[in-house]
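Below are two complexes that have chain A in common, paired first with chain B and then with chain C.
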Partner chain A sequence: MWKYVLKRILFLIPIMLLSSFIVFYLMSLTGDPAQAKLGEDATEEQLEMLREQMGLNDPLIVRYGRYIGNVVFHGDLGKDIWDKSVFDEYMARLPYTIYLACVSMFLTALISVPLGIIAAVRQNKWEDFTLSALAIAGMSIPNFWLGLLLMIKFALQLSWLPTSGAENGILSLILPAFCTAVPNAALITRMTRSSMLDCIRADYLRTARAKGVKEGRIVLKHALGNAIIPILTSMSNQFAILIGGSVVVETVFAWPGVGSLIINAVKAKNTNMVTGGIIMTTVFVAIILLLVDLLYAFLDPRIKAQYQGK
Partner chain B sequence: MSKNSKAAAQPKRKTQGQLIWHQFKKNKGAVIGLIAFLAIVGLAIIALFIVDYDTQIAGMLIKDKLQKPSAAHIFGTDHLGRDVFLRVIYGAHYSLLIGFLGTGVSVLFGTLIGAIAGYFGGKLEWFIMRLVDVLMTIPTMLMATCVVAAFGISITNLILAIGISTAPHFARTARASVMTVRGNEYVEAAKAIGTSDFIIMFKHVMPNALSPIIVQATNRVATCIIAAASFSFLGLGVPSPLPEWGAMLSDAKPFMRTQPYLMIFPGLAIMITVLAINLIGDGLRDALDPKLKR
Partner chain C sequence: MEENKDILKTDQPEYVLEIKDLSIRYDTDDAKVYAVNGIDLKLKKQTTLGLVGETGAGKTTTVLSLLKLVPDPPGVITGGEILVNGNDVMQLSKKELSAMRGKEIAMIFQDPMTSLNPVMTVGDQIAESIMIHENVGKEEAFKMAQKMLETVGISGERAVEYPHQFSGGMKQRVDIAIALACHPSILIADEPTTALDVTIQAQVLKLMKDLKDQFQTSMIMITHDLGIVARTCDEVAVMYAGRIVEEGTLEEIFKKTMHPYTEGLFNSLPNMKDRNSKLKPIKGLISDPTVDYQYCAFADRCPYATEKCWQEVPAKRYFSETHMVMCSAYDDPEFHIARGHENG
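Coming up: the complex of A and B.
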């Protein structure tokens, strides 16, 4: 088992190196960082000097090697166009994104799992039809537009909630968390419904019913217990996506997370910040997904058995 | 000849397309989705003929600016006096174009490399799928941001960005689907009579492996439309004078306190289009995969 864990962790290293190289390569196409730093009216000599100084004249692979070396050994992602440390800036923003993602996931689970169960238990009744219709509508609503509408209603017209920023603690979080949760909750409601339906038809439930187990217990313990794995899988994927960028919602609400950091950096042609931000986020997302996978390996007896004794 | 024996003599065989349509029709939501979708496409085509692009879409009619919805302008007018209704129906072009072409790029590249991996197997498969693993670790939105940042802001680049960032997902689906088909007897039979790999793959394997890809592609069109609107809203997609729905929302943002109706219609247009496509996607999923039907 530990061999499996070790193998997965070691496997992550080349994947991270390659994906960061792809990002590094793409971002090297954005233009000349020396020009961005000195502005339009810099002379060719000044540019050439700065390029030499910044090591921009070296081949791509050398620059990448130097960059990744600094990241791995010094935790240094370079400086942005305003000479601030990219790493520090990123780390200052990360807690906000994690905070938003956690609250949003909590809301998602709170809304979707009960609704999914109701839809499955009342299959082909009006509750099911209503919930299924709501779910597909929820999936189709652009979350940033929902955010704008709620902002108009609750922040501008009713003044119950702040329009943007993160200064008002949990109050600031309500709208962004809700908007990111709606499409996810819609998806999970559908998922819970179909996963529960698969389980409700299973033979062991018929046995449980025949034994006289109460219906509520059948649904919550026997069916949900078995239906929960695929639900958790897609929720962990959604969590990873949220960490990777509730880019638009963060920008709409000026939530100071990494998504808005990266988008603002793209607009300001702050190349180092974009590169560093995307690479760091990719690493975090990969680590989260790996942890989830490993957790399953421990929880799922089938995977465990595969690696037993190896 | 009696009616019965005539029917027996000429058994009416339904083509696969008819069977799928028959299943699809049973799903009321899907039919509503299809009608709504056709209506949107119809409006977009009509818009080409009734709208004068230079004056009504990209022009300026300052004396009419910021009018509330009325009989003359049913969705009102924006900050430059342009009719929001006309802009919304004209804007369908951009969303549909980006949604379908973005998905097209994604399906083309993803399916091709996934199918090659799944069909040939071995070292080639290992190599392709590891590459796919690498690409998939970069979150989709960030990958698209990266491509837009690298190549600049334009409609073509947005289509490429959306296409490239989702291609790995299709590669996985295509590989899995091709792997289930490649073991079938008819593929072995084709190999045995010396058919080339190229013909086997495109004539025998792909048509039978296509269902999950079609279903995924339909859903992907919907997410692409939302992604395109998101990018345009952020100022990284379709530039502002063009009436793309996301760009219109971005234009309306400064007026959201005084003219909230400007926010409603472009967003509603995105939602209805995406909803229609999602409904069609659900119908196709049920029609193409009877096992999933419930």
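Coming up: the complex of A and C.
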């Protein structure tokens, strides 16, 4: 088991190198950081001096080597164009993103798993059809539009919730968390339904019924216990994406998370911020996916056996 | 779960199981499937009844209905009565049904590879049944489960292992342990050895027979293997197209075979005395289950069929107290099938 964990952690290294290089290369194509820093009025000499100072005249691979060396050996993601530490800036925003992602995932699970179970148990009945229609609607409604509608209703008309920002704690979080949860919950409802249907037809449920197990326990223990694994895979992927920042929803609700940090950095050609932010996101996503893989081992003894090489 | 105890009648009638005129139909979008068409069956205490017939004859549907486990929809029980130790299964409440399943009737399924829950330890799966039916706590149930595992020849220490850690034959032993955990009065085995290796088959059959004697259980053995019937059964019922066409003691069915279909089954066995002889399969295909036969469903495959066979459902005819045959050919007192008369 620990060997597997170590292997997975070591595997992170090439992933990090590759993804950071891709980002670094793409950002080098987007323009001149010196120009971005000094603005339109800078003279050619000033720019040339700054480029020399920032090491921008070296070949790409040298610049990348210098950058990644700093990251690896000094844990330093460098400074952005306003001389602020990229790492500090990122870490200042990260709690907001984690906060939003956790609440959003919690809502997703809370809504979608029970609904998916109902849809499966009541297959081809009106409950199932209604939930299918809702799920399709949930997946198709654009996030920002739903956000704006909810904002008009609950913030402007009813004044129950703040329109945007993060100043009101959990109240500020409700609308953005709900907006990010809707498409995810719609997808997971459908997944739970189909995964449960596979299990509901399984022979071992007939065995359980033949033992006299009551229907509630049949569904929740025997069927869901087996159906939960693919559901968890999808939810962990969704969570990983949320940790990368929900750009659209964060923008609509002016939520100060990682997504809006990076999108603003892209707009400002703030190269180091974008690169550093994406590297950090990659690390967190990889860690989450590793944790989920480990969680499988506890849920499914067959996977555990694989890890142990049995 | 203790409230499940003692809510069923316990006075013991002569038969542990009585099926009266049972009919089951599957209503699918495309067609109506007539799976079971008015069968009568009785099971005496501590006897083993073999239910024999081709795939699709309605054997599994019949026994699933005893536990009210016929999937509904599409399955509909269209008529009849099932009495388990005097309790009418159709009239049982959900609670009574849960108390009956596993305690009065238990079932061993065909494919041990898929009939165990892959994410529960085998010990928990056996203990689950014990906790439902006996008034014991979790720990004690688990200990009883371990003992049960040892009864079926698996070390009690392996109770903490999961199904994927067992071989097919071992899994079938676990299935048997689950079924017998609460000492049911009726054990149904639905082709329990079909999915197993031939060498394992004999072991599992012997185990079932021994345990059946030990626990004084009555048994219904579903199979299409007449060899298994000969080794394990006291009585035999032959099913064709949802009807029992011949029924009798093991000796009556094997030595005094009367129904042309039963004869066909015997003829399609390999001949041990003359190994060069070809198998004689029953010609034609199994009857179409979407047809509601108002005549003998076997008529178009039957070498003895007369015009009468196409006109009405044959009546039940008793040749002894136990030997029932459903065949119109016996209207002619001179009629006999070829089997048993080859030399005379």
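In this text, the second predicted complex is superposed on the first by the 296 of 310 C-alpha atoms of A that agree within 3 Å, B and C clash if a C-alpha of one lies under 4 Å from a C-alpha of the other, contacts with A are read in each partner's own complex, and residues count from 1 in each chain.
By definition in this document, contacts are C-beta pairs under 8 Å (C-beta built on N, C-alpha and C of every residue); 3 or more make two chains touch, one makes a residue touch a chain.
Quick caveat, the model's predicted, so the values are computed rather than measured.
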Three-chain arrangement built on chain A, chain B and chain C clash or fit: fit
Which one hits more chain A residues, chain B or chain C? B
Measure off the angle at the C-alpha centre of chain A toward the C-alpha centres of chain B and chain C in the combined model, and quote it in steps of 10°. 80
After superposition on the shared chain, which partner residues are touched by A:I170: those of chain B (first), chain C (second), both, or neither? neither
With the two structures laid over each other on chain A, which partner does A:L299 touch: chain B (first), chain C (second), both, or neither? second
Quick one: classify A:A286 as touching chain B (first), chain C (second), both or neither. first
After the superposition on A, what does A:K214 contact: first (chain B), second (chain C), both or neither? second
According to the stated criteria, A:L10 is in contact with first (chain B), second (chain C), both, or neither; which is it? neither
Report for A:L158: first if it touches chain B alone, second if chain C alone, otherwise both or neither. neither
Per-pair minimum CA distance [chain C against chain B, superposed on A] in Å: 13
Show me the residue ranges of chain A that touch chain C in the complex, using the header's touch definition. 202-204, 206-215, 222, 225-226, 299-302, 305
Would you mind writing out the residues of chain B in touch with chain A in their complex? 29, 130, 133-135, 137-142, 145-151, 222, 226, 229-230, 233-236, 249, 253, 256-257, 260, 263-264, 267, 270-271, 274-275, 278-279, 282, 294
Interface residues, chain C side, partner chain A - complex: 4, 67, 69, 94, 97-103, 106-107, 109, 111, 114-121, 125, 128-129, 132-133, 162, 164-165, 175, 178-179
Quick one: which bits of chain A touch chain B in the complex? Just the residue numbers, please. 15-16, 18-19, 22-23, 26-27, 29-30, 123, 133, 136-137, 139-142, 144-145, 148-149, 151-152, 156, 194, 197, 240-241, 244-245, 247-248, 251, 262-263, 266-267, 271, 274, 278, 281-282, 285-286
